[in-house]
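Chain lettering (A, B, C and D) follows the sequence in which the chains are written, and residue indices restart at 1 in each chain.
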Amino acid sequence: MKNTFGNSISVTIFGESHGAYIGCVIDGLPAGLDIDEDFIRHRLDRRRPYGSISTARAEQDDFRIVSGVFDGKTCGTPLTVLIPNSDTRSRDYEYGKARPGHADYTAFVRYGGFEDYRGGGHFSGRITAALTAAGAVAMQTLLKKGVRIATHISECAGISDRPINDLQNDMDKLDSSSFAVLDDEAAQKMKDRILSAKKDGDSVGGILETVMTGMPAGVGDPWFDTVEGMLSHAVFSVPAVKGIEFGDGFAMAKMRASRANDPFRIENGKIITTKNSNGGINGGITNGMPIIMRTVIKPTPTVFIAQDTIDFKTRQNTVISAKGRHDPCIVHRAAVVLDSVCALTLADLLASRFGADYLR
Amino acid sequence: MKNTFGNSISVTIFGESHGAYIGCVIDGLPAGLDIDEDFIRHRLDRRRPYGSISTARAEQDDFRIVSGVFDGKTCGTPLTVLIPNSDTRSRDYEYGKARPGHADYTAFVRYGGFEDYRGGGHFSGRITAALTAAGAVAMQTLLKKGVRIATHISECAGISDRPINDLQNDMDKLDSSSFAVLDDEAAQKMKDRILSAKKDGDSVGGILETVMTGMPAGVGDPWFDTVEGMLSHAVFSVPAVKGIEFGDGFAMAKMRASRANDPFRIENGKIITTKNSNGGINGGITNGMPIIMRTVIKPTPTVFIAQDTIDFKTRQNTVISAKGRHDPCIVHRAAVVLDSVCALTLADLLASRFGADYLR
Amino acid sequence: MKNTFGNSISVTIFGESHGAYIGCVIDGLPAGLDIDEDFIRHRLDRRRPYGSISTARAEQDDFRIVSGVFDGKTCGTPLTVLIPNSDTRSRDYEYGKARPGHADYTAFVRYGGFEDYRGGGHFSGRITAALTAAGAVAMQTLLKKGVRIATHISECAGISDRPINDLQNDMDKLDSSSFAVLDDEAAQKMKDRILSAKKDGDSVGGILETVMTGMPAGVGDPWFDTVEGMLSHAVFSVPAVKGIEFGDGFAMAKMRASRANDPFRIENGKIITTKNSNGGINGGITNGMPIIMRTVIKPTPTVFIAQDTIDFKTRQNTVISAKGRHDPCIVHRAAVVLDSVCALTLADLLASRFGADYLR
Amino acid sequence: MKNTFGNSISVTIFGESHGAYIGCVIDGLPAGLDIDEDFIRHRLDRRRPYGSISTARAEQDDFRIVSGVFDGKTCGTPLTVLIPNSDTRSRDYEYGKARPGHADYTAFVRYGGFEDYRGGGHFSGRITAALTAAGAVAMQTLLKKGVRIATHISECAGISDRPINDLQNDMDKLDSSSFAVLDDEAAQKMKDRILSAKKDGDSVGGILETVMTGMPAGVGDPWFDTVEGMLSHAVFSVPAVKGIEFGDGFAMAKMRASRANDPFRIENGKIITTKNSNGGINGGITNGMPIIMRTVIKPTPTVFIAQDTIDFKTRQNTVISAKGRHDPCIVHRAAVVLDSVCALTLADLLASRFGADYLR
């Protein structure tokens, strides 16, 4: 349903990049959950621009919860978060020239020329602040049930991070990082390449790897509302995502089943698989192992290099070069957004399976 | 909603591998569409087992439309297709031992031991016959609007097909093929490798590439119901899919934006992009170019090689080797199923955008 | 969603009056429920035509469950019931003349002339057999949780039944009755009036009162998915229903609050209200008292008396008189259908509140 | 879906009586609609308390549209309206004593004691201001398509208004009235009775009649999403509604079909019915005649008279008398809210039938 996602716990997002507010409404949360505003602030901070490798737009994300919380706890009714837009410079945008890789032209066709084009309007990455706030609420409920989510930059501008190999410590490190890379040397190389692309007026992309631990086995459905289907439905809303894979993903194309299957074992009374090529999901349903997901983030389309394009108002061929502020890389900022949409999806899957009060 | 998918045109699927019938209900179709049962039969035939590289289970797929069609045309009410199961051998399955890579264990946890385990029950690839029938109905409506869908095996067991380079002719060739490969030599090599894996009691996977042409620009939504999000939600229902990408997908991780962006041009009065790295979708919305999608199909989990596993009834470690019939490769059979879920999704997106009567 | 209703437990119905099958798919049921086919048969029998006061169309309703049940229990996947149509006489219908009070004209506009008009097609009361079968499944799950539903004819053709005053015994009596009236004398008078109307080629209507006991307090939501809203959404699908009220309903218009409010009391440790003007619902949420609902069933529109109408094909004024078989009253047959849609709705509300496994 | 209603055009509401804001998000509107804020203000004013017959709580309803509108027109993305709460007196409420007829006890059970009880929280009639704002937006789109909605008090405290007999003029009069009664003498008598009830510390109810004109024939569906089913689903969200009927409604119980059926005629090339007992709906689908709907509004439960009740915290029997401000009648204030939910429902039905751009 367009701007609403989720069956049992749903989120509705709204807002334009240069409008008064962006925000979200989360419905279906159980009553009685402690809401920690500092945690929401921490998550929003992690999404905010980061030093010289990000845009100069400096939003304070001074959010306010205006419904659904009473005496610091959810009261069971829709929880609404408002985030004001303050640092907007609409003059940086000219209407008509389609920025390649952006949604200017498709928005024009979709909305018949009435779209709010300023700063990308409703298509702006800015809207992911609302998703991040919503996700921060969902993460709080999940943490109480032992479900944890973290994302690292497994590749950026051609540089790879080391894999996650120590779940507990690696997730701790990622939680507190604004540039979520496990190997510090790789992180530095990535930043160098981002700055190099920036100098060229260009931008870079990468791959994010998300790990979700603590999900009980038996959640999800075999058709349509598979865990993979629900996560991917939500994840493709994150701007710039063009691909997603679970477990060994595309690498499974070259495997035989004897290599791709994950043997089951009982260890210390617990059912596990001895490897996790299937990313914690069999037949669309969680098997109790960590859910492993990788998404590709394309390079930010805004570049200062001249590109061929059209003016869709005049229907003429033309050329465009970006002006104003922009991100030479959004991979690091997208990490926290991916966590967020995953948190919303897992919370919904758990509530659909066990009832919302399970999350209390 | 579990076994129902779609907002404006929805499909509900039902049935177990060894039950009386599998089937589907399609709701929201406009009235007055000609229904060509031969076309449905042709599509079902393409999904059926194919020679020595497929299972020996020989279902006739003798389907029957039992509602929603009157005098050869849709009458606007739910269209129901029934497909009987006839060639079932339940004795081939023993309950308790979890086949690695399959859903036996997750089904057990999800349904508390009451699942119909015979032949994989509701998790069986058999159910995709119902999706194929539904998709064949959707494809008929799309074809009338100039929307066409075809899938080829771009990689199988490590062998690559040539890319689609002549849309019209290549799609024609794929339409009539039971092993949808464009390069005949590559096709032969793939089959050899499948038979080689079969001899080893093992199985292989691959990558499918789907092309969808003729979609008008301006369809889809920026958040949640993006074209990528809707397609992936449906596609992950196809058993064995573990990854999906659009346009250049994961390869975009290593590109800069100056390479990844698709320049717009007006040619002969038509707005196009001069390349299609974004797979026909910008900001979640179609831009009028072909939609390009690739999915990875993991190797069929059933193998005749002994694998470690558990007996979930007794909670003991044990070993399993497959018995009975199985597919050493399902990539070629999955091709037509992918077409089908894409057809259902595109028909739904068009009806949501323009009203169902647009499809009449 | 058109022919699908319910959030957590949903039902999809399909079929036309003179098609091959009508049927339903119920999704979201917990696994492990015993399915008693005799109970379904009993419920379908209660819906079947009844002696001289009903149509002569004699359908055997020889239903078959074709998916979702394994070894006599639900297996957690969609449960599909098929009911063949056998006793059809399509020649009784002529296309073009709109029967007043029926959906002939609106179906023509809605489906553009492609509707299956034979026997009322998808609009036929015949389809309620599918609802009845689905409702019988839902009732079985509810009964295990102590939730019970019964409907009596509180008024028919101007004759009133006595009120329900002994919940247990009155509901027992209604369960086994094909003409659900508590006062036998009133029942006889109603039948006399029905036969009198029949002799005149006319038909009569009435009011049904449904009682639902055993629902726990705290189910439902304050906005949109109120208990009243969900029930009424489902109930207006029952053909001929033109009004619905809860508790004292329309009579509350003339009350003051001091009379309309229901005082709370604790009796033997249980919270009750000392009267039940609000019909067991406060603020859209169950309060633990019986849910009381009344619906008006308009007189069956088919009459043998000449009526002014149009031929919508030729757009000419004309006159119509019914031919063939018909029901001079459907109030008694509608009773079991109302039970059924209420059962489906309550099962859905409980599953949405507590998770589907609550119903196991 | 709890606080979200509608398939193609949906509304989500949020807020508590004494929270910071109440509001709504409307999604699915076509782009390019002129939004007249004065019209929204006018509608909100009509809902506001009215002289001595209403509560003394004086909210300014100083709403603000914070998303979805650009240069005075919808831009196709979610339209969000915020309305601040300013005049709140939380001290008037004590927690634990269940006010009979209110949702205090059911909210306690539903939300486990975490509900925001101040001023009725999310159950408060205050939230209908958000519905009214949303409805005002929907009404603007409908008016452009010739669809008009008006509600009058057909009965209040036992006094009846005259029927609507001159559609155009009567609807004009109702549009501009804060006490929507056609017969001025009846209006005065109603007000007298309201004041008399107020003097007694009691309150009164009534019946509202809503007329919707200009809907094209052929909108709605035969099962579940019938026009009656969709309207009633929305209408029972309006607090205090306990019954709804269409056309002649409950009066049809005593009619024969020869009286209840509406003969069709062609007059001046237009298909009409010569009377409208079916309220403009046949088989769940509009027939082009005015939709006629009546709803009963129970007397406001708050009374200053002592009533038996319980303290649900201590589980003791006790007595309660209201303190603070209250409405001795909300029938007149509910009229505009009913218009609003009907407008949202009709806009959704039209967009589902013809696509959202139909409303542009």
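Just so we're on the same page, a residue touches a chain if its C-beta (ideal position, glycine included) is under 8 Å from a C-beta of that chain, and two chains touch if they have at least 3 such contacts.
In this text the structure is predicted, and so the values were computed from the model without any measurement.
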Fraction-based call for chain D against chain A, same above half, different below: same
Longest centre-to-centre distance from chain A, chain (CA-based): C
Between chain B and chain D, centroid-to-centroid distance (C-alpha), Å: 46
Chain centre separation (chain A, chain D; CA means) in Å: 39
Rounded Å distance, chain C centre to chain D centre (Cα mean): 26
Residue list for chain C, restricted to those that touch at least two other chains: 1-4, 7, 13, 77, 110, 122, 222, 357
Topology of the chain contact graph, where touching chains are joined (line, ring, star, complete, other): complete
Chain D residues within the chain A interface of the complex: 1-4, 7, 10, 12-16, 19-23, 25, 27-28, 31-32, 64, 66-68, 70, 73-80, 82, 110-116, 118, 121-122, 357, 360
Touching residues on chain D, where the partner in the complex is chain C: 1-5, 7, 13, 98, 100-103, 105-107, 109-110, 122-123, 127, 155-158, 197, 200, 202-207, 217-226, 228-230, 232-237, 239, 241-250, 252-258, 260-266, 269, 271, 273-274, 278-279, 281-287, 296-303, 305, 307-310, 312, 315-317
Residue ranges of chain A touching chain C (in the complex, touch as defined): 7-8, 77, 222, 352-355, 357-358
